[in-house]
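When the chains are written out, they are named A, B, C and D in that same order, and each has its own residue count from 1.
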């Protein structure tokens, strides 16, 4: 009887986890210790992790992991206080306890070393851009190639003027800190200068209240610069709604009721892109679209007459305005792209031909 | 003052936000969190005032001028006013009612009821218009006019054929080829565009921070 | 047939049909739904910002004497109101500057780390890429596609010499990719319409269960 | 030019300039008719679907299936049938089910699904063992926030995260609680989602607690998830309406071989026929558009 029981216990007893070690988690804000161990070779249902402060008595449970894991992050350790850890293998019967680890204390770090490559790239790219912006400001002649679709802008505004119909400008649906919105506002400024000159009505519906404010000021300024402050009307630029499809419904309504001769769909767009572009195509407008939302580009390409793809959108504001600062930035971006191209080619050569661990260096 | 001070704020806040990315220390992170959770949220909430002010004025002007379809402006104004009153005073959680009763007999007019029975169907139906627009855009644009248009057409066509169950029986390798197009050339194109877009983002953010890009102040780059 | 007796189902169904009527042409029913949608969306936004943001994040802590630094933040937020007072309307730039400055600043390291470095890592080919020879070939095609696509976006030089053919291959990749995305999305968009029909035919008319 | 040629060219010409409302009408019809008069195309299950099915089918009987409702009404058409099919599969094989929602708007959907499927089984149940009972065979924990706390907390003790269930009953008092204490009692956690929540389940629940994660996704987001499937982080995946239809088919096959008389409505399979007809219609449109284009162009030249 007793021997049978002992035999059963021996069957149930499992080898405890071994090699428990604890270290401060690197590159974090403190309050975390990483515990690692070697799993028990026997079948277990999971592990329980216990910890004891230096000089303390009690072992507290700090968490559980699944049966195939050999790593646990103890989050919530007081910084600067040393603890040691034990790992308990949980089974159907008696748990098996490991020996204690060495002492470890968590502490916060001031710099995340994982981001060193990001920091280096930031400086290189910033150098390229600022260098060419400075060149441009000093009056260096900077070239920018023709961008298909932008020549259509003048033509499209002229067409609206001839037909006596308005121009609709949708500055995208995103907020002001979105680069596409900034580029769109710059292009809006150029478009507004031309509509002011020709006296073409302009309609600018907005989805973001701040973008609305900025767009309104920009249009007003353009009308003043074009010498037509009288032609600017308070009602040209307005806010609609921040609900994506409520906005789309209203813009669709404007497209079909006001029948603009030209629609500009420029900025950041989501699923409503084709709802707007296809309604515009139905109403017979010439459509010029531009976005850096890669997932929406296919729809603009199919439904619009001209589409500025990705970076072309940023280049467009430089191309239209001929602002030296913008041209300089474009050139800086080109050099940065050349650097990326070089890194891809050289990195692949080094990795394949010489087995250099390029990926780990990045 | 009118221009320099806002530019200075952008510079200071912007440098903090970019540097905070590299510093995991809780002193920096807690300030960063206050920024993201409290400051930006509260400021954004106030910005709605600009929007609501604009839309009210837009429709009041329409009514005053008796612009085309002006009676519809009343619908927007009334709907805005009624739903705002119900929402503000009737509470947003059905379990915690506000001072305004939101139920008469078995009929509820709580803001969440309005949300699920008016906003959701309206938004979902606007979204569903895409099913039709995709078809008409495809019919109109997918013509083998030139080489580029043909590529667009063929790739779209293969993907669509691949999704029809019958294809698996008629042309067995087609669905796998469709997946290959999605996984290989599509990935390459998107990644290539993404590099340029990211650099553009970086450049524009940098220009905003340093006050080189001032379009947001309203009134061109000057 | 088992038509719904819930008034809200009827309202939802009528609004659904009103939006669909736009497919035929712009008409008063659509115009009604559109204006209603804009009104309610704004009313809901006011509700949401009040109950879900201003009350829990501003009024509750401040009225309990916590987070008093939020008071000046709220004052900055209120500067948006100056937009309606022409003389001091430039003050509106202060809250915008905070939002924009933070957004731009946070963008700088993130656009580099998440979009450039991670994508570089994914594109560079290593010996491990050829563990499966087929995957290796695909990786090479992706690499060529990425290089050509990037070349398409050089703006400060004329498209001549080597750039001309390379950027042309780039546009080939772009067009194939866009076509594929379009074809792939068709399926998902049709299911949105199926969802609306299931509501109309099922929940409303009771024709299907 | 002969007369028949002129007629034909006239036809193609008109087709080229067809009013887009005809296209809309065709799409409307080809989607609506199969919904009212369903015909079933038997879908063949793709590997990610069959892998998921066989995992749930063969996991130890005492392990529970947990479904996280991570979608909202706007993506319901694609995703809700997945929840229904998963619930049926669990109840057919006698597995316990836990359900939770990571968004408030998902609560109503989860409740509706449980009510519907439980009713399907209880209608035909003769004994207490056959029926599906709340608190014994399934539990709806409801919603809690933020989801990171939920995902990590469930690894220790689920009742700590959800002290009361959706109906307000103390979870400690439910009989099922002793059988589903934490992730170790969960055979697979299915995140049915319209957003990127499945990736959070992988990042928190899986990396820390090694729980198996499956994913139900819309067709659009599924394209981004294949890497997670290849790396094994997702045990399986249902992608869009088609994924749900394939799962329904596998379940129907299983019931048929078991000789069960249980017949269940298959919403995704029915919707799939609409989707197929719509697809074919668009394909036909494109083909005709191009034939017309070439015919009219040749005539012009």
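What we mean here is this: contacts are C-beta pairs under 8 Å (C-beta built on N, C-alpha and C of every residue); 3 or more make two chains touch, one makes a residue touch a chain.
What you see is a predicted model, and the numbers here were worked out from it, not measured in a lab.
Common neighbours of chain B and chain C, listed by label, are A, D. Most remote from chain C, judged by the distance between CA-atom centroids, is D.
This structure's chain pair with the greatest number of C-beta contacts is B-C. Taking the mean of each chain's C-alpha atoms as its centre, the chain lying closest to the overall protein C-alpha centroid is C. Put simply, the C-alpha centre of chain A and that of chain C have 12 angstrom between them. With centres taken as mean Cα positions, chain D sits 29 Å from chain A. Averaged Cα coordinates give chain C a centre that lies 23 Å from the centre of chain D.
Shared interface positions of chain C, defined as residues touching 2 or more other chains, are 19, 22-23, 31, 33, 37-38, 40-42, 44-45, 80, 83, 92, 96, 99-100, 102-104, 107-109, 112-113, 116, 123, 143, 146-147, 150, 153, 174, 178-179, 181-182, 184-187, 190, 192-193, 195-196. In chain D, the residues touching two or more other chains are 20, 24, 27, 31, 223, 242, 278-279, 282. In chain B, the residues touching two or more other chains are 21-22, 47-52, 55, 69, 119-120, 122-124, 126-127, 129-132, 134, 136, 138, 140, 142, 152-153, 156-157, 160, 163, 182-183, 190, 193-197, 199, 201-202, 204-206, 208, 216-217.
Taken together, the touching pairs cover every possible pairing of the chains. Residues 20, 155-156, 182-184, 208-211 of chain D touch chain A in their complex. If you check the complex, the residues on chain A that touch chain D are 45-46, 63-69, 72-73, 282.
Against chain C, in their complex, chain B makes its touches with residues 2, 5-7, 9-18, 20-22, 34-53, 55, 69, 72-73, 75-84, 86-88, 91-92, 107, 111, 113-115, 117-132, 134, 138, 148-149, 151-160, 162-163, 178, 180-199, 201-202, 204-206, 208-209, 216-217. Chain contact summary for the complex, chain C toward chain B: residues 7-9, 11-13, 15-16, 19-20, 22-23, 31-33, 35-54, 57-58, 67, 69-70, 73-74, 76-78, 80-81, 83-84, 90, 92-113, 115-116, 119, 122-123, 138, 141-150, 152-153, 170-187, 189-190, 192-193, 195-196, 199. Listing the residues of chain A that touch chain C in their complex gives 115, 117-119, 121-122, 125, 142-145, 147, 175-179, 209-210, 213-214, 240-243, 245-246, 249-250, 252-253, 256-257, 295, 297-299, 301-302, 309-312, 315, 330-331, 333-334, 337-338, 340-341, 343-345, 347-348, 351-352, 355, 357-359, 362.
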